[in-house]
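Here's the structure, in structure tokens; my notes come after.
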Amino acid sequence: MSETRSRDVTIPIGPQHPALKEPTSFSVTLSGEKILQVGVRLGYNHRGIEKACESRSFIQSLYLIERVCGICSHSHSSCFVQAVEEIAGLQLPHRAMYLRTIIAELERLHSHLLWLGVAGHEIGFDTLLMYTWRDREIVMDLLAAITGNRVNYGMNTFGGVRRDISPEQKADILKAMDTLEERTKYYISVATEETTLIQRLSGVGVLSHDDAIRLGAVGPTARASNVKRDIRKDDPYAAYDQVPFEVITSDLNDVYGRTLVRVRELMESYKLIRHLLNSLPDGPIAVKAPRKMPAGEAVSRYEAPRGENVHYVRANGSEKPERVKVRAPTLANVQAVAHMLIDRYLADLPIVVAAIDPCFSCTDRLIDLTREGGGRCDVITWGQLHDYSLRWYKKQGMDLSKLNSRFKCGESS
Amino acid sequence: MAGDLFYILIFPGFLFLVVFALVADYIDRKLHAKFQNRIGPPWYQPLADLIKLAAKEDLIPRQVDPWLFKLAPVFAVTAVVTAALYIPIWRHGTPMSFNGDVIVVLYLLTIPTVTFFLGGWYSRSVYSMIGAARSIMQLFAYEIPLFLSILAPALLADSWSLGGMSLFYAHHPWYALFNVVGLFTALIALLGKLERVPFDIPEAETEIVAGSFTEYSGRLLAMFRLALSIEMIVGAALIAAVFLPFGLNLGGPAAFGLYLVKVLGIVALIALARTVFARLRIDQMINFCWQFVAPVAFLQVIIDLIAKGVIAR
Amino acid sequence: MKHPGRMVRQVLSSLLRKPATVRYPFVKVTMPKRFRGRLRFYAERCIGCRLCMRDCPTDAIQIRKIADKQFEADIDMAKCIYCAQCVDSCLKKALESTPDFELAQLDKNNLRQTFRGQPPASQKPPEDPQGKP
């Protein structure tokens, strides 16, 4: 980072800014058009969902967790449901797994199409926005017909899914896949041949392979830096271990690479959905789940369209969860953003931020520590939490000080 | 005298320009929408926008210089309307023509950009200052190709007045073919002057909110927007007069109709450009203009010089 | 082959196509049958188990006893998140989702809907089953 001189300007991008779809604060120090420093502040979307789950029953928390995000709602819902099903030891019928996976892939479709449009809008290419969102409507209508809503599908329940796919709907989905595949091939050709688009996206937001691993990038952001990590392959859940598909990577390391990764993932999703529909097993769509979950804890991972989604659930034998923790993929990617923007132009900021597919609604969770016996609430920074956890583990007899995991996201509050 | 006043203020002066600007704005937005498979605004939308803006309160931020802040839009509108007075519409020349008015028109068309810069710079808001600086940087990139492209046909016609040029090309219509390259570069430079995609960098909504216009509201913003729309038709009319000088001999309503067709045709091309390109970055734009557009415009000058030498013999 | 203006042909052919926009509200849009819109309560089937109240994430539905084996439901459309968990939880299928999504009201009090059944013939004349508008 270069030092700031007196004639450098600091401009606020956010919390309200036309470039951002959700409130975040980037405090950008500029010298002319060059970015010298970026300060990231998160937390504008914090709604206290994790705490709210502790005073609601599991089935109520399911709908609450689903509404953490609108675009990746099924991923949060499925991740939570998987964690609870693991605690309760439920064995799902195969049809339920397949249906969950089909909805997951449909969600990936609409999320990536949305992203293509948003990326087009950020670089001033509104036509791409209009065309991709028009095609996205096909997916939204499909989802409305199958699940009952265009977003926040409410498809999951503990032990399976709530709705089934009829043969007419299956035919509709297959026809839609053909249409969308045509359109996606067109978008691939536009992305690889339109000069102005390539000029805006190439060489921008460069994240090398080592930096991607060091900063903890996940999802298409990491896969475009040739980090071959995809939870669907590394830690299969739902029906992913029964269908063949490829993990798309690119070695371009920049926003253009991320564009290509996402568009090619669209093509993979079409293949996945067709395979799942054609090999859909018969059977029930849910098993009965208890109201009181046995005591236990589980961590569940899920490949949301934006990357790895991690949920931790702890149950204590009652009807209400004791602790729910959500780690959204954007939280892992946002540290890479500050790194990618240094020494780049201001004009690249919107597209670099958009390239990680930010979903700050998912991201903003908080650590709130109440001292025992005092009732006093503190908010501590990541650094303080790190020290606290080292001291705690030392009391248990483990020395973890060699682990280097300092978070720099958002400064002390 | 009364005839001149009518020409300046009503038709084809200020009032006609305002109405025509609203019509051209509507056609631009409707075409842009249809290209994108949408419906687009109804015909009264640009007028409704103008009235809405004019009816709102002007908020003058505390840290600006109020005189410059308020005068900048006025200068923008005045300059473009004055530039329109010299462009032939239905006959060769206008009541205000004189030898050298090509240069005057080009300079008058530079004034709006300078007012955007002044308005943005003296707004003292971070976004406006960046937008203003980009405005001027962009001016350096497209101004030379625009000047060269417009002056090359003037060289061939051996006249420095738009009326004289159109008379020359009316007598020798095939010589207009020498200027095809110039038409191409003038259209690109016009996109830069009008600050439209792919060159709408000074007003990049997703980066700097609204660039120079961020702090403007109410009637002042209405005037800026009006200046931009009128600049579009004046620029299009200039290109039509210089590079497409057909039909002025028909005189009267037929020539006027042809003028409308030419200007709206160029507006349609501008709408197409807005639809199919992404926005460039300022450094990419400057590179593109200096490495490609300016040399081609220079080439056009050379072609016309050679042609002139050949014709003279 | 890279060139600018790759989308020109599609864009020009869009001129001839019908716009993709639906002129709502002049053109009515209907949602699919299974769309989770406004809730509807059949008072004659309700047995008062209140499982729907227990499972509702937002306490949007209240079941009240108005007579022996007769219940009325008070649904707050503003609180409801249209998840249809109550529909699934109900043992007697007394609740169902309709595809109606145009629920906006000018008066906030109209957002609360009360569903009553037909009272027995010995009592007052039958009321409008939808209760207050």
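Letters A, B and C mark the chains in the order given here, with residues in each chain numbered from 1 onward.
We take it that a contact is a pair of C-beta atoms (placed from the backbone, for glycine too) under 8 Å apart; a residue touches a chain by one contact, two chains touch by 3 or more.
Only a predicted model underlies this, so the values are computations on that prediction, with no experimental measurement involved.
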*Using the contact definition from the top, classify how the chains connect: line, ring, star, complete or other.*
complete
*Report which interface contains more C-beta contacts, comparing B-C against A-B.*
A-B
*Whole-Å gap separating subunit A and subunit C, where each centre is the average of the chain's CA atoms*: 30
*asked:* Centroid from C-alpha atoms only, then distance subunit B to subunit C, rounded to Å. What do you get?
replied: 53
*Round to the nearest whole Å and give the separation of the Cα centres of subunit A and subunit B.*
45
*subunit A: positions in contact with at least two other chains*: 127, 131, 134, 194, 196
*At which residue positions does subunit B touch at least two other chains?*
35-38, 275-277
*Considering subunit C alone, which of its residues make contact with at least two other chains?*
4-7, 11, 20
*subunit B touches which residues of subunit C in the complex?*
4-8, 11-12, 14-15, 17, 19-21, 23
*Which of the residues in subunit B end up touching subunit A in this complex?*
35-38, 126-127, 129-130, 133, 197-198, 200-201, 204-209, 275-284
*Where on subunit C does subunit A make contact in their complex?*
1-7, 10-11, 20, 31-32, 34-36, 54-57, 81-85, 88, 97
*Within their complex, state which residues of subunit A touch subunit C.*
56-57, 59-61, 63-64, 66-67, 127-128, 131, 134, 137, 141, 144-149, 152, 154, 157, 162-163, 186, 189-190, 192-196, 198
*Which subunit B residues qualify as touching subunit C in the complex?*
33-39, 272, 275-277
